[in-house]
Amino acid sequence: MTTSEVQVADFQLSPELLEFQQKVRSYAQQHLGGAAEYDAETKFPREPVEAAGKLGLLRTTVAKEYGGSAMGNLASCVMLEEINAACVSTGVTISVHNSLVNSLLGKWCNAEQKARWFPKLITGEWLGAYCLSEAYSGSDAAALRCTAEKQGDHYVMNGAKLWITTGSDAELFVIFARTAEDRVKGISAFVVEGSWDGVGVGKKERKLGLRGSPTTEIVLENVKVPADCLIDQEGNGFTIALDTLDGGRLGIASQGLGIARAAIDLIGEHLSNQKDKRGRPAASQPDQWQFADLASELDAYRFLTWRAATLRDRGIRCSTEAAMAKSCASRLSNRAARAAVSILGLVGAAGNNPAERLLRDARITEIYEGATDIQRLVIARGLLA
Amino acid sequence: MHNLQLTEDQEMVVDTVRKLVVDAVTPKVQELDEHRSFAREWFDALSELGVYGLSISEEKGGAGMGLVPYVAALEVIGEQSASLSRLWIGQMQAALALEDAGGDLLDEVAAGAKLLTFVGPEHGFTFADGSLTGSATMVPAAAEADVLLVAAKEGDAVVLVTVEGAACSHTALRALGLNSAACGQLACEGVVATVVATGDAAEKAIDRAELAAWLGVAAASVGGGIGSIEASKKHAGERIAFGKPLLVQQAVQRKLVECGRAVEAARQLVWQAARLADLGQCAKQTAMQARIAAVDAMVLAADEAIQIHGGFGYTVEYHVERHYRDAKTFEVLDGGSDHLRDRLAAMQFT
Amino acid sequence: MTTSEVQVADFQLSPELLEFQQKVRSYAQQHLGGAAEYDAETKFPREPVEAAGKLGLLRTTVAKEYGGSAMGNLASCVMLEEINAACVSTGVTISVHNSLVNSLLGKWCNAEQKARWFPKLITGEWLGAYCLSEAYSGSDAAALRCTAEKQGDHYVMNGAKLWITTGSDAELFVIFARTAEDRVKGISAFVVEGSWDGVGVGKKERKLGLRGSPTTEIVLENVKVPADCLIDQEGNGFTIALDTLDGGRLGIASQGLGIARAAIDLIGEHLSNQKDKRGRPAASQPDQWQFADLASELDAYRFLTWRAATLRDRGIRCSTEAAMAKSCASRLSNRAARAAVSILGLVGAAGNNPAERLLRDARITEIYEGATDIQRLVIARGLLA
Amino acid sequence: MHNLQLTEDQEMVVDTVRKLVVDAVTPKVQELDEHRSFAREWFDALSELGVYGLSISEEKGGAGMGLVPYVAALEVIGEQSASLSRLWIGQMQAALALEDAGGDLLDEVAAGAKLLTFVGPEHGFTFADGSLTGSATMVPAAAEADVLLVAAKEGDAVVLVTVEGAACSHTALRALGLNSAACGQLACEGVVATVVATGDAAEKAIDRAELAAWLGVAAASVGGGIGSIEASKKHAGERIAFGKPLLVQQAVQRKLVECGRAVEAARQLVWQAARLADLGQCAKQTAMQARIAAVDAMVLAADEAIQIHGGFGYTVEYHVERHYRDAKTFEVLDGGSDHLRDRLAAMQFT
């Protein structure tokens, strides 16, 4: 969807977006208190995701004619920052569902396909998963080996996808598979439903963080995929994947902002509590510097993120801008979380404080949906072109 | 491997420790960490090697080999297990703190018959009328230690006391790292304690315990940094992306060169501090600098290792996420790096 | 002046500001080619400053009723980035004239005073200097010792001001002096004209950079200052100084952005020229990363700067936001200039390349109008209040 | 002052150099720098101390004292004058490169009778039919050197040649730093050159010259870092802000602690590399790491020193702006730090 309305005037969100932000903030306060538990017990945040569905938060990137709220990329960014500031596992689930799956289907599927899948996706009855990575293709996505062989009115799909967010809990999978040999033009995109024969959930990863969000292998054994589940046309898969990632990167940038904000808030709270014997503020100067630097960068990279989102909302290509946002915000989230542990000290590392969880959760933002060094090369290429 | 120019005896200690690490530690390190299992068997295996008396003087029943082989051996252990390093460090703190006082407990510490943990002055325990009061979080082996050696305040004076581990209350923690060292919360409410040293003797004992921690954590962090670099080299040498091994990419090489440089610089500080201490010179500032630099280098190396591993690095099987957690946990122990910076400032500017 | 019009919509400058930016860019191309010469010969950039006056660039912060163009803070920021990207010595001259002197007079002087001084200031016939620092009061501005003793219808001023930008070439001096003992409330602000008896230019500093801009001592010996040259009222000087510095900091933030941009452009040019034997792009990856990171931060901190400027243009207090902008942009300028020298190598250090001059010029931005650590404390205090 | 544990002879060299620095260098360093005056008199004064033959073997007429006193003495000089350090480094490069070949020129270098500058292989000079062609920028003492020692290519082979300084054309530069070392542009168009070494001998000579540069720049940078820190301590101890000396502020202390730590770590790398070299072990990687770390530490210390000095730091009288310029100039010489990083990578990963 594209919009020509001004969403950010002189760096302030429009009244509609401010209202939406408040709504999401209330949702987070009501439903996302269990982040520590999802983490400790590697438990999927089902209740918060269902509540998000009921509140309409899973339809922000879907057009109104298919039941969506069509709020666009900027609204998604605003929402995802709020959610990730409270619970990163819920955040990534919604980010993948909205920013990758729903966005992709909305942009590249035909009307019949949209009518088929969106009713279940916008309510959260179905959750979506995005299956690009494989064991031998991470940053080098075009090296994928999963195959979809055309046999009459269907394709037979074989292979295995790795590091699939929501892998064990999703019902709809967007899968990139090879329909021809050409490294790039041999890749096509499909929708595969989890209930079909041959679709299996493989190994579940045990991870540093993001432990409430199941990351699994998806194994495809002779899966019969009807031809009308091909997205767009054969050979256009890589283009679709890259285009979608621009939006996905804004989702992860917003995740980074949310994590950074939560960590900075912990530091701020700690500093406010530092008092000398007479009750006067006594935060150490170097801690205050770090706090000031991190808080300044948070504002700055939020603007980078919002800039890219407004471009995308206007239908303008934003690969360079999205890469800037993701690269900067994801690195900030890690610096901020590490600083929180350093400054809170023993308390921050003790595991009954959110700081150490944020440190573990933050680390993934520099890796998935395009590692930092890839983002940097995208930026350099974009600017020097 | 390194250029510490150890004597043959010292080299033998390091080789023996290395063999234990390869045979017993490496195969189980991931499993124990993931299940947060306490590494008592490794601690006991080190006892059998007799290393806990390594740096105690011969007249007090130790090997009198100084701190140089201690840092060399901890580097080897740290490459695999920060948790085991930390247990040895606690034991070494106790050994050095108790050395002057001597007695049965020192012998038991040196023999590894009892597992000790040191609770530093930063936790603010108080001692009065023969009993100890205070609480601390993130104490390694909090629940597992046979004896706690506590630096406490008696009025305005410093006193070093021991309490039985069983006499204190403990709470386990899901801590960030050092999962096999069982960091926990510890509380004493008027627990009967035995005075080991008071006055200048207590100050000196605490000084030595702190030095053992700074040097030990620094050496183990150097090892941890090496562990991350080696894991990265291995992975990047095998992993193919864009048609060639990752290790061929300038991107990956540059990261590893910078990590190696940071680790090597920290290592030179550790060695220098250990050498100074063994020569009887003041090693305090250099040891604190080493501790700060080495932990930072370990954090850097683990962070880059995760990045080089990509998605694999975020999973538990590739060790580097453990190094990352352990490095940040090392950082906050012993008062934390910023506290050390402030102490360095106090020594240098007042 | 305040405005309620939206100046930056979805992170894009308004058409008016874009046009103004183009105008300044042309000015820079035509008049600011001599930066290397002003630096090498420690020569005041008189021609560019006069040309700026003719083009109306010295009146942007002055209200229309006094002949100004009342373009406001954001326009000043846009202008100063362009000018500083070409010549930092010219940039600081105009920044002090516009962002400190003209802004202060416009906000705190009475109508008679404005009518007296602005006609000369808006054309550049007179240049302004801002005299706050003394030998024993830098970051601790309230420690100033210069005195102004009331004697009938005038004040007698004595003391010495240090590090005065444009000191030897200004005609109008805003001088903060002590009219009473109270550390803060004893400070008052005055206008002193350079032609008056007892106003002398003292030692001229020999500096690392900014060598085209004269930084001097201003010596005040029994200067008879008419009472109608008091600005606002007695004792309000410190308030005036702090308020003015918010605007001044935006000027220096923009200077930082301009320097950073120039350095980043040098790096980009160097990277574009790197080719392998077959003529294919061959810039080193680590150099590309640095370029990408610096360029991303440039965009991000420009938004921080513009945000603060739009707040100030709306009459909203922006101390925290201005401090964020100055702290981030000034540090970036130094990182970028150092990176340019590193990446350009021998060529960058050789002195016939702008890189080494940028490195020297950039260093002042972290020092004047509030050193970085002071900015950080302002930010921490602002956010934790 | 330091813990290099020098022999008495080595200590004497350092003391003699320190005396020269205090008496002759310190009083004029600012003036010479500001006027971009070449420090020939200091170079000659060092000649009189006889230091240029310090590391040459005794059988070749040198003092045979190795590189350890070289780095110790350069640290002392670097604290005051990076320019003079750089002149000695060039001379040492020539001395070590010429040592195997021996001959009159070596004697003149060792005696300081001729001032040499070394032009490294990174400048890409070519040698054919007895004459040298090429150009280079930012060559220390480009116009002042009596003789240039150039690592050139003869076809695909490396060759080490000398040319008379007067036979080349020079252009002075207003360079970023090292103002008293007169860095300039240099061009030779078929200048008659004398071959000093070819083949393996040339490779070895160039290796030694590079090692001399890495260690020398590293040591001088450590000294420069110390210079910035000492200047900051002095200024911050005297300057009053908000009612107390700057040095009392945690802000200032923390900066100085971090600078001190970075400098000390770099210093340990330098010493380790010098010791390794003197033991006949491979010191190349450690020396390169030292060179990178020390220059970075000097940049950091100078940068923070300027900040601590505030407006004063931006003016020429307080020395720290000079350290800042000199540090960044050191960085880009000898191929530059990034080039060294790539070479380290090549050594470690291929």
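For clarity, chains are labelled A, B, C and D in written order, and residue numbers in each chain start from 1.
The rule is simple: a residue touches a chain if its C-beta (ideal position, glycine included) is under 8 Å from a C-beta of that chain, and two chains touch if they have at least 3 such contacts.
Computed from a predicted model, the values in this text were never measured in an experiment.
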{"item": "Chain whose average C-alpha position is farthest from chain A's own", "value": "D"}
{"item": "Pair joined by the larger number of C-beta contacts - A-B, A-D", "value": "A-B"}
{"item": "Whole-Å separation of chain centres (CA-atom averages), chain A against chain B", "value": "38"}
{"item": "Chain A-chain D separation of Cα centroids, rounded to whole Å", "value": "51"}
{"item": "Length of the line joining the C-alpha centres of chain A and chain C, rounded to whole Å", "value": "41"}
{"item": "Residues within chain D bordering two or more other chains", "value": "250-251, 254, 341-342"}
{"item": "Junction residues of chain C - those touching two or more other chains", "value": "284-286, 289, 373"}
{"item": "Chain B residues within the chain D interface of the complex", "value": "3, 233, 247-248, 250, 253-254, 256-258, 260-261, 264-266, 268-269, 271-272, 276, 281, 286, 289, 292-293, 341-342, 344-345, 348-349"}
{"item": "Contact set on chain C toward chain D in their complex", "value": "40, 133, 136, 138-140, 143, 162-163, 205-210, 284, 286-287, 334, 338, 341-343, 345-352, 356, 359-360, 363-364, 366-368, 371-373"}
{"item": "Complex interface listing, chain A residues touching chain C", "value": "6-11, 268, 271-272, 281, 283, 285, 288-289, 291-293, 295-297, 299-301, 303-304, 306-307, 310-311, 314, 323-324, 327-328, 373, 375-377, 379-380, 383-384"}
{"item": "Contact footprint of chain A on chain D as seen in their complex", "value": "249-251, 254"}
{"item": "Chain A-facing residues of chain B, complex", "value": "34, 136-138, 173-177, 183, 185, 240-242, 251, 299, 303, 306-307, 310-311, 313-317, 321, 324-325, 328-329, 331-333, 335-339, 341-342"}
